[in-house]
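Chain IDs A, B, C and D follow the sequence of writing; residue 1 opens each chain.
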Amino acid sequence: MVLAFASFREILGKEREICLVEGATVRDLLEELAAARPAFNEAAFDDTGALRDYVLLMVNRKRIDPILDLSRPLQDGDELAIFPPLAGG
Amino acid sequence: MVLAFASFREILGKEREICLVEGATVRDLLEELAAARPAFNEAAFDDTGALRDYVLLMVNRKRIDPILDLSRPLQDGDELAIFPPLAGG
Amino acid sequence: MIEITEEELSMEELIKRARSKDAGAMVTFLGSVRDDGIERLEVEAFREAALAELESIQREATSRFALKAVEIVHRTGTLAVGESIVAIVCSAGHREEAFSGCRYIIEELKKRAPLWKKELGERGEHWVGQDEPAGK
Amino acid sequence: MIEITEEELSMEELIKRARSKDAGAMVTFLGSVRDDGIERLEVEAFREAALAELESIQREATSRFALKAVEIVHRTGTLAVGESIVAIVCSAGHREEAFSGCRYIIEELKKRAPLWKKELGERGEHWVGQDEPAGK
């Protein structure tokens, strides 16, 4: 299950189920979304294919590191949340 | 006019008019009150005749220094307020 | 608005008065009689001098922290445990100023406003802040 | 109590809930939509994650500042200028803890709670805190 919030909800919709091959990682899922939605590709990745700074991620409601944890494999039933920085000040 | 608050009100009453000779100072007025009311004498002055630390004074609603300003002469119509430390913490 | 009153105070009313469209943040302080083994509190004010001092404090806080509105109410008279003693409401553009303004006002009020509290309970009577009993 | 709600919030109600006889001090924070050339604000929450984060923040503040009670309400949905967005009420034995606890909660909420705000007005739309428009 992918949940998207704020500007990413506007691109991806609030939630969607995605079927992945076994062993697929967070990065695989993000690239699948980018392939399906050019607007998400542009919003989430820079020209070199690196994830932009303002893409924040949670797996099962725990923040993950958008650099170190991209290679984390996803399990059946995992919930990935994609969102921009919090409202802040 | 003498106004007294809190513990000093309990001894002196809330307000009273006092007639003083011309040129009388704040100290003269306090001593007059002490002479009339032994409880005030005990509350306001220590054994050496010095004003106790917790006697605070205002003349015409302005704080005066209980050491330096005791020699200040009072004018007709002046209002002296006598009170203990403020409620604080 | 600044008030010294025997009446109960309404936070809702104070908050309503302090609201404005340019105030993004409002901080309030409410002090109440704490159950410290006392039965009630008597609050006494040198009313005219206290109002003047609270007005000075309000002016200082307003200019120092760019406050949009300040409300201060202090009660006098006999108050039971749990009853409100003092309420302060500060509104400002942002939360930093609203917090600092509200804190400044309560600290200065405690230091400077001619107000006294007598605690009454099983252990007897006691004027708060006065260590040596005056003439007792 | 912690709430994320589309409904209007009542400070009076929150203050009533946070009152207790051992709480001598209560500090509240109320954040509202500021008239910054915007017409309205849309607030979106990742509701379950935000509730869990607010509960963590509440627990941290309660133990760090010995708070007696904490109330947090955050609104979501479309809010007009002047409407309340978030209310926090902290009670404690003394004012130092009540101020520090309330300040801690609003700062951590802003940093950590998954909540987003979109400003809408004459100048268009803008997600607060996001400098680069995502895909626009």
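The rule we apply is simple: a contact is a pair of C-beta atoms (placed from the backbone, for glycine too) under 8 Å apart; a residue touches a chain by one contact, two chains touch by 3 or more.
Source: prediction; values computed, not measured.
In the absence of chain D, the touching network of the other chains comes apart as A | B, C. Touch-path distance (fewest steps) from chain A to chain C is 2. The mean-CA centres of chain A and chain D are about 27 angstrom from one another, to the nearest whole unit.
Annotation: 25 Å between the Cα-based centres of chain C and chain D.
One inter-chain figure worth recording: chain B and chain D are separated by 51 Å, centre to centre, where each centre is the mean of the chain's CA atoms. Annotation: 75 Å between the Cα-based centres of chain A and chain B. Residue positions of chain B touching 2 or more other chains: 89. Under the touch rule stated earlier, the contacting chain pairs are A-D, B-C, C-D. Those residues of chain D whose C-beta lies close enough to touch chain C in the complex are 10-12, 15, 19-35, 81-82, 93, 95, 98-99, 102-103, 106. The part of chain A that touches chain D in the complex is made up of residues 3, 5-11, 39-40, 42-44, 52, 54, 58, 61, 81, 83-89.
Contacts from chain C toward chain B in the complex involve residues 43-44, 46, 48-49, 52, 110-118, 127-136.
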